[in-house]
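In the two complexes below, subunit A is the common chain; its partner is subunit B in one and subunit C in the other.
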Partner chain A sequence: MIELRQVTKRYRRKIALNEVNITLTPRKIYGLVGENGSGKSTMLKLIAGLIYPTRGEVLVDGNRVDRRVSSVVSFLSELDEYYSFFNVEQTIAFYHSQFPDFDLEKANEMVKFMKLDRKAKLKELSKGNRGRLKLVLSLSRNAPIILMDEPLSGLDPMVRNSIVKGLISFIDIDKQLVLITTHEIQEIENILDEVIAIKDGKIIGRKVVEQLREQENVGIVDWLTSIYE
Partner chain B sequence: MKYTFHSQEPIYVQLAEIIKRKIVRGELEPGVKLPSVRDMAINAGVNPNTVQRTYRELEGTKIVESKRGQGTFVTENEKILHEIREEMKTKEVSRFVRSMREMGYSEMEMKAGLEAYLAKKWGADYD
Partner chain C sequence: MTPWIHLTKKELRLGFPAFLFSMIGSFGVFVLWFVLGIESGFIWEGMMMWSVLAILFNFFYLVFYMSYSLNAERKRMHLWLHNPLPTYKLLLAKFVSGLFYMFIFLFTIIIVIGVSYGNVNFSMQMDDWKMTFYLSVAYYLIFIVSNGWGFTFLWTVYMSFIKFIHPFFSFVLTIVILMFLFWMIDLSSVLFQWGEIESHLITGFEFTATEETFHLNFGEIPTTFYIGHFIGALLLILFFFIGSAWILDRKVEV
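So, the complex of A and B:
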């Protein structure tokens, strides 16, 4: 379980998150949506223990978050921060050496599913294949919490589609909580349990997606448009 | 088969409808096992939690039964299958009638139109 209590994050003079309160429970896929600079990445980094709140508390399973949270949180960064001289296989081996919960068998299965060349050097991979590899690395960990920062951003529709398929195929929904930030809503709309909208560092709405369709007869895009202005 | 969903209705409802139609037209035969939750989620491109909900709803109508540890199966109960067939028919007919009424057609016109259409269609199929 993830809890943010009255969390504010300030970078020098800019307020990235402003008194955010939110609780996320396991066995669900959450989408965190909002414009660039709205505070999505900041929220993920706070939960991943990569940065600390200026005020308030971030708790994972009741414990205050610090760097050690990485043992239960798998974080897929928005950036490409891998060794470019490694090939796919070596990168996976490196991850395997870093995380005790890394499931090598699952990683190999995913590499096949994503049709990645095991011997290809990272610097030679297309952007799409780097995106696929990132998904492999983050989902191969049997971590109870998976955070993904913009896994679809800048990728073409075919790649986006294969990443969404990979996500459905390889998450363990009975055990894991997945939190995804995105502005590509259409691709991901059918796999989200809940959607959280963020604007200027504030949570401005949260909905169970099926209820949104049932009660208001709209999808995420229409709902967002109605509250986001 | 490609699954497409719209946003006016929950996905679990739309998916249940698709499965019921498959059962009614015999594509999913009595006693057949439905895909696992995960496989169905992958095929349909939806959240596994949604598929679980769909299967639960279908179970509620008794058209499928889940056997512990084995999966979810299409019922072999003829009476239930017949009921679902009738229910789907009534639903579709009522949709047609409502839409025709909205446009101001009388019952006579509906019947005549339907008969004429079927007669023509029937002929065309055997050409």
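So, the complex of A and C:
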């Protein structure tokens, strides 16, 4: 379980998150949506222990988060940076050596599913294939919490489609909590359990996606547009 | 232990360009000295001079290496720090890979010294050469290691400042801290001036270039070693090491 209690995060003069209170429970896929600079990435980095709150506290399974929360949190960054001297196979082997929960069999299965060349150097991979590899590295861990920051950003529709299929096939929803930030809402709408809207560092709405569709008869984009205006 | 070994292997690959650069650079300077030596008729003396320069560079080898490796990591801090290993192990992996390359570099210097030593009119008289040799090597290595950890400490300090202030002012503030550290080390050095081992170990030093063109002769060089200095340097290394790991763990953000 993830809890943010009165969390404020300030970067020099800019407030990225402002007194955020939120609880996320296991066995669900959450979508965190909002415009650029609304605080989505900040929230994910706080949960991953890569930054610290200016005020308030972030808890994972009741424990205050620090950098070593990475033993239970798998974080996929929006950044397109890697150890370019490795090839695909070596990158997977390196992750396998660093994370005890890394499932090599699952990784190999995903590599096949994503049609990645195991011997290709990372610097020679297309952006789409690097995006696919990021997904392999992130989902091959049997971590109880998976954080994905813009996994579809800047990728062509075919790659986005294969990544969404990868999400559906390789997330173990009975055990994992997944939090995804994205601008490509419509493409992941069908796999989300809940959607959280964020604006100017504040949570402005939270909905169960199924209820939104059945009771209010609107999609996430329409709902987001209505509360953003 | 295994994850750390794999991490160290990664560090060796990440830091390889720095090692390659140092080897190519030193080879270039070596060739330059060699050519100058051939033209002036002092080949062996030229090689010896190169060795002296290389030994001086080696003093700061770990500063150079850690600077390269840490700055290469700056672009991908989310990869480096998103790791269940404790921070001190992340830093140690970098440091051990740097030490490995430093010793290879040092080995090449030793080979050049070994080759040119017998061909240069150079002699050194010592009361107890073994003691002098061991103590000098210990001093040398401690100095290299403390430089490396000192740089790492200042890098983490700089990285922790930039989340609050502009990078330029972070740099200035880090320089101020460096000055303060120099002042503190200087101030506290008197506390560690104990345990004198032996002085005046080197009783003679002579370097003569052929055809009476160059001659150097020292009578007695005062060489005093203090056990306190070793202890002080080790405490300083420990302070830099623990300080870097603590700051990286709690104050540096991605």
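Heads up, the rule we're going with is that the second predicted complex is superposed on the first by the 229 of 229 C-alpha atoms of A that agree within 3 Å, B and C clash if a C-alpha of one lies under 4 Å from a C-alpha of the other, contacts with A are read in each partner's own complex, and residues count from 1 in each chain.
In this section, contacts are C-beta pairs under 8 Å (C-beta built on N, C-alpha and C of every residue); 3 or more make two chains touch, one makes a residue touch a chain.
All values derive from a computational prediction rather than experimental measurement.
K.L.:
With the two complexes overlaid on their shared chain, look at subunit A and say whether subunit B and subunit C clash or fit.
P.N.:
These partners fit in the superposed model.
K.L.:
Does the superposition put A:Ile15 against subunit B (first), subunit C (second), both, or neither?
P.N.:
In the superposition, A:Ile15 touches no partner, neither subunit B nor subunit C.
K.L.:
One more residue to check, A:Asn190. First (subunit B), second (subunit C), both or neither?
P.N.:
After superposing on A, A:Asn190 lies in contact with subunit B but is clear of subunit C.
K.L.:
Look at A:Ile204 in the shared chain and tell me whether it touches subunit B only, subunit C only, both, or neither; answer first, second, both or neither.
P.N.:
neither
K.L.:
Please work out whether A:Val218 is in contact with subunit B alone, subunit C alone, both, or neither, and reply first, second, both or neither.
P.N.:
First partner only, subunit B.
K.L.:
Let me test your reading of the model: by the given contact rule, A:Ser77 touches which partner, first (subunit B), second (subunit C), both or neither?
P.N.:
In the superposed model, A:Ser77 contacts subunit C only, not subunit B.
K.L.:
For the overlaid structures, how many degrees, to the nearest 10, lie between subunit B and subunit C at the C-alpha centre of subunit A?
P.N.:
160
K.L.:
When the two structures are overlaid on chain A, which partner does A:Lys45 contact: first (subunit B), second (subunit C), both, or neither?
P.N.:
second
K.L.:
Identify the partner contact of A:Leu59: answer first if only subunit B is touched, second if only subunit C is, both if each is, neither if none is.
P.N.:
neither
K.L.:
How many Å separate the nearest C-alpha atoms of subunit B and subunit C in the overlaid structures?
P.N.:
Minimum over all C-alpha pairs of subunit B and subunit C: 28 Å.
K.L.:
In the complex, go through subunit C and note every residue touching subunit A.
P.N.:
So the residues of subunit C touching subunit A come out as 2-3, 6-7, 10, 13-14, 16, 75-79, 81-87, 163-165, 249-250, 253-254.
K.L.:
Under the stated contact criterion, what part of subunit A meets subunit C in this complex?
P.N.:
By the definition above, subunit A touches subunit C via 11-12, 45, 48, 50-52, 66-68, 70-71, 75, 77, 79, 81-83, 85-86, 94, 97-100.
K.L.:
Give every residue of subunit B touching subunit A within the complex, in rising order.
P.N.:
That would be residues 5-13, 38, 41-42, 45-50, 53 of subunit B.
K.L.:
What residues of subunit A sit close enough to touch subunit B in their complex?
P.N.:
27-29, 164-165, 168-169, 173, 189-193, 210-211, 213-214, 217-222
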